[in-house]
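Okay, got some structures for you below.
Next come two complexes, and both contain chain A; in the first it sits with chain B, in the second with chain C.
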Partner chain A sequence: MDVRAQLSTVFHLDKCIGCHTCSIACKNLWTSREGTEYMWWNNVETKPGTGYPTLWEDQEKYHGGWELKGKNLKPRVGRRLGILTSMFYNPYLPSMDDYYEPFTYRYDHLFNAAPGDDQPTARPVSMVSGQYMDIEAGPNWDDDMSGSSVYARNDINLNSLSDQEREWLFRIEQMVFFYVPRICNHCLNPGCLGVCPSGAIYKRGEDGIVLISQEKCRGWRFCVSGCPYKKAYYNWKTGKSEKCILCYPRVETGQAPGCFHSCAGRIRYIGVLLYDADRIEEVATAPEADLVAAQRSLILDPKDPAVIAAAKQNGITEEWIAAAQRSPIYRFVKEWELALPLHPEFRTLPMLFYVPPLSPMTASMKDGKYDLAAEFEDCVQASRAPVKYLASLFAAGNEATIRNVLGKLWAIRNYHRAITVGSNGSAPAEEILGKAGCTAEQARQIARLISIPRFEDRFVLPPYRREQAVQEVVEPLKHRGQTGFGLTAPPRRGP
Partner chain B sequence: MSFMPGPLRLGRGRLVALVSIFAFFSAFPVLYAALVSAPAQAAPADDGRNLFETRCASCHTVGGGRTVGPDLKGILDKRDRGWLIRFISTPDRLIAENDPLAAQMVKEYGMPMPNMGLTPAQAEQVLAYLDGSGNAPSEKAPAEETAPPGEGDAAWGRDLFTGRAQFSNSGAACASCHNASGIGALGGGTMARDLSDSYSRLGEPALTSIIKGTPFPIMKAIYGQQQLTDDEVAHLVAFLKESSQQRAGGNSSAPFIVISAVGFMAILGIMQFAWRRRLTGVRQSLVKGGSR
Partner chain C sequence: MVDFLVFVILPYLALVVAIGGTIWRYASNQFTFSSVSSQFLEGRKLFWGSVPWHYGIIAILIGHGIGIVFPSAIKAFNGVPVRLYILEGTGLALGLLVLAGLVFFLVRRGTDPRVRAVTSRMDLVLLIVLLLQVVTGVTIAILYRWGSAWFASTAAPYFWSLATLSPDLAYMTTLPLLVKIHAVNAFVLVGLFPFTRLVHMVAIPFAYLWRPYQVVMWQRRTQRQ
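Moving on, here comes the complex of A and B:
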């Protein structure tokens, strides 16, 4: 057992209102520089929809992530020889059009326009060419466009539905959509890391944050192709790639990452998970339907004495183990089995988990009345967002996994409704809860963590003590005054 | 601070070294010129006759009639002596300066006289020889003229021109530098003049004399040690004769352009095939036929 710690996250999609506050916080913190205009380390997508960059989930096109060849994993971009031979012409890069052409507006014209008959307007200008442009796409261009024949209908997760189910999904009465905010998953088996020809990408030992060394990166851009989530971006100004850093400067000083801190819906949770690094390969090569369960089995119980002993042997401190024991992520993912990884079939073992959303019931007109599915048992099957669709997103097509999660969420909601306003179903709420595999005590804890969590319940950050940790490898007084802010070898590119 | 890089920290010794290296390379052209001109000055027996036979006789005769260039008999009566010396030693400069007489000659003989590397002093000696031979007119005409080679074979000449057949003294194939119509669609080199019209322009005797004597400096450098045989010259002349007749037929660069265009498209096609699975615009194809 090789116990490692991973700073891991959960997004509870039922609470996401699609306000993009997280994206703006991230943009203002990290990607407001020249060269990063088009980057959204954090973005929010509407599902069904095609996302950003367009159709990023379609690995037939983008060739990201890993595929199982026999018993081994192979990067879809190619093995070493394939990468070497296509190094000078990487054939699987999204074009600017697939992201979007970054733009701003001529705001100054509103104030400086010459007097005229018409009110001045702020026309859009391209941040690339500086010319006036017609905006044709943006990072959230398909926001709320559930019915869009262009964007929603081309969502590749709909491929799992039959034609009739698709048709049903796009009827105006049944229309449904939800939001999926995305940041880097800080995977256990990162696709970007696996294909980097320069060896510039690394996973930090203490917390598993995946970073691109700006000094080693040579701009081959294979991480852009290799990441199936398209969360590595190429900076044209520095000639190097960049990605979400999970705000490690904030995390190291005890603050939640910018997008977590600013989240208006309070959907985001962060905490430490302990996992067994010896079993990563075995888990990543599991059969597709078992991927979610296999990944869960990789996560270790931080209260198990054997795990604690092995963790200490690996240099994980008491404080980190204590943080792992209080981690909301462990409870969501392992204990309650409510949170699922996004597209586990990419086999990167993403460590950002989503609690899938409950959607309204499908309804039909019966005897001239609007008739909802009445019985609780029907709730999951009658969700407007089809189970098959959610399974394609969060469970590599395993519908049973989604049914379990949705059933539990419905049962908890039903239970709390029974407590506060009285039961309206035929069966007692406890009985339904029991069928969903949940105790009353668990239901209360889940409801509490979902609906009224305090700041310190959502963000359980371990103490990093970097200033102490660094003294183990370097003598601080010896290097005083030698290093400062910024790069030791700044990129020589651009004017 | 020993890691401070670069030219700002040049020590005195290094500066001296740099300056001397610079001086050496600046002096190089001067040294080179001196070395090259040395043999010319050292050449013995600079008498005019010798000079005329080695440098001038492949194009000019004295009383033998016009070949490539004019017959030089009585030239001193026709032209100003000073002008002649300038023209003999530096014809290229005079032509470049648009000297009216030189321009007229170029027009009349269809080619400029090459600079044969004669100094003004040597030009004087040549003139002295011409002056003398003018008084004694029975100087024999160039030997090549008097012993006409056998009839050339045009097909053999073409092979020699393109390099399919090798010259017996291993000279370079003409097509390396020259083009001529009738040697195939890709043509010959473009470094030197297109020889398609050389026969009609110069006539057989002049052409023969040029190929044999190779009076131009570059030709001399290439063929000086690897002279063509009389038979080979005859074959080449026969081929160039045929070539000048074909010349009326059509423009020889058209097939070249067609081949280039087809080849370019073929390479594009191969690349398109090799990278057929590359990622092309995803969003554009989705939106096509949409609102716009």
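Moving on, here comes the complex of A and C:
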């Protein structure tokens, strides 16, 4: 047992209102420099939808992540020699048009235009070339299913649905959408890292944050292809790749990352997980349907004395073990089995977990009353988002996993309705809870952590010791450059 | 006098500048070491420039290298005329391939607004110097046939004389002007090396071939016990 700690996160999708506050916080903190305008280390996409960059989930197109060849994992973009020989032209590199060309408006024209018969307008200009352009895409172009006939219909996850189910989904009265905010998953088996020829990407041993050394990066661009989530970005100005850093300068000083701190819907949780690094390969090569369960089995119980002893032996401090014991992530992912990884079939073992959305629910009128308390067996039918679709997103197609989660969420909702506004007592609701594999006590805890968590319930950040914090050992100016925050010397590129 | 300057002083100067400059740049500002690829901004035209260019130029440089290091082997190889024709034909084809790639590069740099936004003056200088080099090279291959044969008895001994620090001008002075230009321009390219994007040549990550896929780094312990 090789115990390591990972700063891990949970997003509760039922609570996401799609306001993009997280994206803006991140943009203001990290990606407002030239060359990074098009990057959204945090982005929020509407599902069904094609996302950002467009169709990022389609690995036939982008060749990201790992595939199982026999018993071994192989980067989909190519093995080592294949990568080295295609460095002159990476055949699977997304182009800027797959994201969008960043733009601003010629505002000065509003003030400086020569007198004339027409009102002056502020025309859009490219932030790359400075030329006038027509805006044809943006980071959330299909927000709220806008242009759904083009975008939502081409969502690759809909392939799991039959034509009839698909048509059903797009009937206006049956329409359903929800939001999926995405940051770097800080995977245990990162695709970006595996294909980096320069060896510039590394996973921090102390907290599992995946970073790109700006000094060592040589701009071969394979991380952009290798990350199946398209969360490594190429800075076209500096010729280096950049990615989400989980705001480690904030985390190291006890603050939640910018996107977590600013989240208006309070959907985000962060905490420590302990896992067994010896089993990463075994878990990453598990059969597709078992991937979620296998990844869960990798996570260790931080209260188990054997785990604690092994953790201490590996240099994990008392404070970190204590934080792991209070971790909301552990409860969501392991104890309650409510949170699932996004696209586990990419086999990168992402450490950002999502509680899939139960809402909106369908309900019927019965005797003139809104009938929520349908039979538990039907509860999954009550979710308007098709189970197959959610399974394609969060369970590598394993519908049973989604059914378990939705059933549990529904049972908890039903139970809480019974104990707060019900008149028949909570006994029937408790019976349903039992079927969903949940006790009344657990249901109360889950409801509490979902609906009224305090700041310190959502963000259980361990204190970093001096020797763990980068700021203590790296020269500050250099360290800023490595985070992509600032540069020790301005990039010399362009006229 | 001019010959002395360009065939004795210039090569040593270029080499010193190239090595010293690259070390200085690596030590003082490693951040600038990058392929500075613009594939992300424009990919389609780049394919037709970058792939022929890189594969062609690697083969040509290896060819020049073999010619310099093992001139007698080349002479022996050329002993059979068919082999000579094949070698010459391959060389010319590679030269034309490289030229085509370079033209694609130049057109792309000049016409694509996004690529222009990341084109520095040095990029243009480099492209022009490279173009001069390739054009003279291809012309030599056409005008002064059997270069692989006479190269072995002129340029190769000249480079050996440079390498042994006893430069012998005699090999070069009698050569046609075009060949002289090709040689001088090559020294200029070597001298320009550390100040251009060419530095990505010393960043080719061969170490990746035997690195494990995953890398974990610790602040305090570099390697786990």
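Here is the rule we go by: the second predicted complex is superposed on the first by the 428 of 495 C-alpha atoms of A that agree within 3 Å, B and C clash if a C-alpha of one lies under 4 Å from a C-alpha of the other, contacts with A are read in each partner's own complex, and residues count from 1 in each chain.
Just so it is clear, a contact is a pair of C-beta atoms (placed from the backbone, for glycine too) under 8 Å apart; a residue touches a chain by one contact, two chains touch by 3 or more.
Bear in mind the structure is a predicted one, so any value in this text is a computation, not a measurement.
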First (chain B), second (chain C), both or neither touched by A:P305: neither
Chain B versus chain C as contact partner of A:P115, first or second or both or neither: neither
Which of chain B and chain C A:P53 touches, first, second, both or neither: first
More chain A residues in contact [chain B versus chain C]: C
Which superposed partner A:L93 touches (first chain B, second chain C, both, neither): both
First (chain B), second (chain C), both or neither touched by A:G422: neither
Touching partner for A:Y62 - first (chain B), second (chain C), both, neither: first
Common ground on chain A, meaning residues reached by chain C in one complex and by chain B in the other: 89, 93-95
Parts of chain A lying in touch with chain C, wherever the complex brings them together: 73, 75, 80-81, 83-84, 87-90, 93-96, 101, 126, 128-131, 189-190, 193-194, 196-199, 201-206, 214-221, 224, 234, 236-240, 280, 315, 467-470, 473, 481, 487-489, 491-495
Residues on chain B engaged by chain A in the complex (per definition of touch): 275, 277-284, 286-287, 290-292
Partner chain B, residues of chain A touching it in the complex: 50, 53-55, 58, 61-63, 89, 91-95, 97-98, 136-137, 149-151, 154
Chain A contact footprint on chain C (complex, rising order): 29-43, 46-47, 50-51, 53-55, 113-114, 116-121, 200, 203-209, 211, 213-221, 224
